[in-house]
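Just below is one structure, and these are the notes that go with it.
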Amino acid sequence: MSAKALIDHVKEATGAVEREEVTPQGQVALHVTPANWHVVAEHLRRCPRCNFSMFNWLSAVDMEDDGFEVIAHLYSASSLQAVNLKTMVPREGGSVPTLTGLWRGASFHERECWEMFGIDFAGHPHLVKLLLAEPFVGNPLRKEFVLMTREAKEWPGAKEPE
Amino acid sequence: MTHLSMIPAIAESHNVFLGFDFSNPWVLLGLKLAAVMVFFLTAPLGVGYAEHKILAHMQARLGPMEAGRFHGWAQLIADGVKFIQKEDIVPSAADKAVFVIAPAMVLVPAIMLFVVLPLGPNGFWVENMDLGLFFALAISSISVIGMLAAGWASANKFSLIGAIRGAAQLIAYELPLVLAGAAVAMQAGTLSLPGIVEAQQNYWFVFPQIFGFGLFVTASLAELSRPPFDMPIADSEIIFGHMTEYTGIKFAFFLLAEYAGIVALSILAVVLYLGGWQGLPFINFIPGPLWTLAKVGALAFFIIWLRATYPRLREDQLQKMAWKYMIPIALVNILLTGIFKVVF
Amino acid sequence: MAIEKKELEPVQPTRKEQMLARFKEIEKKIAEKKVIGPAYGLAKGLSITLKTMTRRAVTQQYPHEVPDLPPRTRGVIALKEENCTVCMLCSRECPDWCIYIDSHKEQVPPKTPGARPRTRNMLDRFAIDFSLCMYCGICVEVCPFDALFWSPHFEYSETDINNLIHEMPTLAEWVNHVKPPPPLDEGAQPEPEADKEAKVFEAGGAVAAAPAASGAPAGTATTPAREAAPGPAAAGSAESTPAGEASAPAEAEAAAAKAEAPAEAKHDEGPVEIDEETYQAELAAGKPERVARAMAKKAFVIKRRKQG
Amino acid sequence: MAGREGAGVAVSDPTMLPGGPGEGIALDVAGSSRFATEEMILNIGPQHPSTHGVLRMVITLDGELIIDAEPVIGYMHRGFEKMAEVRDYRQIIALVNRHDWLSAFGNELGVVLGVEALMEIEVPERAQWIRTLLAEWNRVLNHLMFMGSFGLELGAMTPMFYAFREREEIQGLLEAATGGRMHFTYNRIGGLKEDLPRGFLKESSRLAKVVRHRLGDYEGLLLGNEIFKKRTVGIGKLPAAVALEYGCTGPILQAAGVAEDSRKTEPYLKYSEVDFEVPVGENGDSFDRFWVLYRRIEESLKIVEQCHDKIPAGPIMPGKMPKNIKPPEGWIYSRTENSLGETGYYIVSRGGKEPWRMKMRTPSFSNVSMIPYLLRGVLVPDLISVLGSVFFVVGDVDR
């Protein structure tokens, strides 16, 4: 199934795709609203034509004022097609339905995304810290979180030869 | 068919030790104790050093090369010095008395084993017991109590698992060991170890008892917790089994007992199956003790060789092997030996 | 949220035949072993270890036997301080911020009488914190004047992490360990600049011999990076290198003119010797011999510069 | 101890539950269910001989039977993704060397391929071939390491030393070209840092023969060994569907029967021009995983040998390179078949010197998240057999 056919198929079948994106390199992204996140994901997983059986990864990108873009990268081992499912959530109180019921592997990725960005995954059965220590405060991958190693030390290259 | 009274060496006086006749029993006793201790402290070191070097060369390495300049011959002595210097740690949650006494419970039976093992003819043994074989087999299984004690007293889950594995394994493999030994005793018509050696004048028992020999070596490996049966100390699973919490000299005692065990059980296997000090015909001028040591060396090499080559089995597979295969084979072996004795 | 289990097609149909063939091969392999007997594998294993025992061991007895490392080995960064123009590029490009440079400007009397005196940057401190360094080699790559080199030397461990900040004398000392770059593969494209770089290398006296010429010239280490180096930096370096200076970078630029290069090298860049006075003083101060020697070398260079 | 313990152990992750326990072995351990025994919680790690690194497994035991297992990760979390946001692309190459330190070359390849695709840079043929060659050597290095350590974990220590014997030579070879033994930092956006030294290809082809010859040792000591088979055949069976759900890739997915390998399915570099196979397992058990690893070494050596003949003469950097590496605004997910599976970099560029965001998708992370599935219902010794055959590098898990 080509990228175009896939997009058309998903659009038609779910009617929930806001906007699609094909990069010059041929990579496909489907943008949905957080409310439709699970619906589209479920279609991609269950529909025999799509058959996105592999949950590759899930993460987010800090888009500053626009909020966070959550990305789930799915792969179909039968059609060798990959798709990026994207949605935008607000900076504070953003929530996306969990995908753990569709792919078991989503659990770790959602836990990581939750602790790194502070995005809630509604319905996740075990949303606790994964990589960070329990007492850690903050969401490291947000842009407002400063990287201490760069703050604590003076940049030796800042000097001008005088 | 040999009978005890027909063997000249056994008939000799109890005062003969290492080929000399002693009249003072105290001097004799002191010498015997000294001989046991010297042998106990040197032979395991020899095996330990051999293990270092043989393993290394089988793994395309050199092994110890620095201590003592020449090919690291003093490595184990250096190790011993290091062990003595190390801090002696007793975990705070440990059962202190048991924790301290456990290494001794493993070590002492290993020393006592050497009392009955004959190295050569004409009194190259400490004591010629009539029940030598049973004494040896019984003493060798006492160490399991030390193992359990160490595992329990350490207050460490890994130690506990290791100790229980070790106990289960020792109990399972004691049986084929004893049964294989029993067949030899039947064949020889005596339980005295020098007597068994003398009974092999014409042919070594490894030939009629080939299954017994296999069983005996396998069971010895299991009893010594040597690879491929080293689950009680499986270092990739349960760190070091019952020895996990031990440091310094106590840990060294466990290791010493292990290597003494290799020497002792190798001597036992040589005595029971490989003709003890009996040399091959035509090269009989080589003295008996050297023959024994050479055969023990070959067996120890084999044990080390196995360690270099095989992965370890799983505990339940090992148990299955003992109860389902080895014990029945050992029983059949006794039966066949009995038939053999009656018919011939 | 129970999962509806459904069989997915695990393999692409195009590769199905290939897979089946593979399975057959496995079966064959397993079957082969079965025929030979259950203990075949056990005996095979024993034979392998025994065979290895009869072969020579591969161990290198390290302290007695020094490893022969290839010239490109990233062992330690050596500094040829005469070449440094304090352009700060290395310090800025360093991902770990571990290169510290201090400098001051100095008036240099003109070479030809009557000309304007020039200012140039004098290096006061060049230190690399090897406890932070990740040995990526970006500093060596970006250095436009070949002041930094990789040396395969690796024996500089310290017992205190603070001692891993190595200052100029030590870094300069390590230049002695730098090996000439290896000749390139036959298929490599000759670098237009390579000739010149080889010259710089020779002139520095870092090593006795440049690579035997043999077709492909050496020393491409920094060339691609130089092309990619950011514009302002290159411009900056041009400013800080006044023409006609007898400094090392200027010499590097001038090295294209072959006749001049040896003459200038004689003038300023002869073999670095040890300033005996400083050497003894340093030793008396309780410095390690290695440091004392480096300090003495530094003193020698400074003295020579003053004279020249 | 308090924080993590409380979070992890009390309620184990329920998402692991569907699908049932690993159908590892038929449990005929004498009547373990008949006794009212108490469960024991055992911490394996963070410092433990068989977790090669600081992975911690909290396992609930009934006797030696594992009832539940939960990996606790993050002990080596170094914030790579955050660090990448303050580094330019050349510095990132040096950085990504270090998350999976056993396949450093493959990691840097992922980044440079992504940035080159974003910037539409044409990489010279010679550079591409050399990249292919070194990437395969790196794969051999990595697989040898895991073959050796798997043997060690099962108690056979010799393969480890043999593996290091071979690794030493290969590392020496790569060091001659790149200057590094583990962290190569040899790729640059557009090509390579410098060309191969003279004699490299000759030495490389000699070494390929040597390694291929010595592979027989591993086959004899492990693959063909009856004890090894007893310990691995049928242990930790992973169905293909589950492997995909967890995002397992590389040798693990291939052992489960899926011939997914982006060198074949989405060829990059010169993989479409070389001849090699993707080994596929049958049962997805520990033995198959190991077998696939072994076969992958053979295939990699095959590619290495083909590269020797095909490397053309020419430049290693494109003639016209932009002065500054500033990819245009946009995103790309660049995936490569790395040694342990699919390593991907999702790079978001806003036209700056540094990436706006770089998500690292690492194979070890997915593999470790799958481990509890395999561990339920196996014995403690099989934990080692499973952990050893689910190939992961802790730095790659925690990033």
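When the chains are written out, they are named A, B, C and D in that same order, and each has its own residue count from 1.
FYI, contacts are C-beta pairs under 8 Å (C-beta built on N, C-alpha and C of every residue); 3 or more make two chains touch, one makes a residue touch a chain.
What you see is a predicted model, and the numbers here were worked out from it, not measured in a lab.
Chain centre most remote from that of subunit C: B (centre = mean of CA atoms). Of all chain pairs, the one joined by the greatest number of contacting C-beta pairs is C-D. The central chain here, found by comparing per-chain C-alpha centres with the mean of all protein C-alpha atoms, is D.
For this pair, subunit C with subunit D, the centres built from the Cα atoms lie 29 Å apart.
Inter-chain centre distance (subunit A to subunit B, centres taken as mean C-alpha positions): 63 Å.
Spacing of subunit A relative to subunit D, judged by their CA centroids, is 23 angstrom.
Between subunit B and subunit D, the centres computed from C-alpha atoms are 44 Å apart. Touching two or more other chains at once are residues 18-19, 158, 162, 165, 221, 225, 227-228, 241, 244, 258, 265 of subunit D. Counting only residues that touch two or more partner chains, subunit C has 1, 3, 8, 10, 12, 42, 45, 48-49, 52, 58, 93. Multi-chain contact residues, meaning those touching two or more other chains, occur in subunit A at positions 53, 77, 80, 100, 104. The chain pairs satisfying the stated touch condition come to A-C, A-D, B-C, B-D, C-D. Subunit B meets subunit D in the complex at residues 55, 58-61, 157-158, 161, 227-228, 230-231, 234-239, 307-317. The touching residues of subunit C, when paired with subunit D in their complex, are 1-3, 5, 7-8, 10-12, 15, 18-19, 22-23, 26, 33, 38-42, 44-45, 47-49, 52, 58, 69-74, 93, 95, 134-138, 141, 150, 182-189, 214, 216, 220-221, 223-225, 227-231.
Every residue of subunit D that touches subunit A in the complex is listed here, in rising order: 2-4, 6-8, 11-16, 18-19, 73-74, 77, 79, 81-83, 85-86, 117-118, 120, 241-242, 244-248, 258, 260, 265-266, 330-333, 342, 344, 346, 348, 356-357, 359, 361, 365-366, 368-370, 373, 398-399.
The part of subunit D that touches subunit C in the complex is made up of residues 18-19, 87, 90-91, 93-95, 97-98, 126, 158, 162, 165, 168, 172, 175-180, 183, 185, 188, 191, 193-201, 217, 220-221, 224-229, 240-241, 244, 256-259, 264-265, 277-280, 282, 291, 311-317, 321, 323-325.
Every residue of subunit A that touches subunit D in the complex is listed here, in rising order: 23-25, 27, 53-57, 59, 61-62, 71, 73, 77, 80, 82, 84, 100, 103-108, 116, 124-126, 128-135, 140-141, 145, 147, 149-150.
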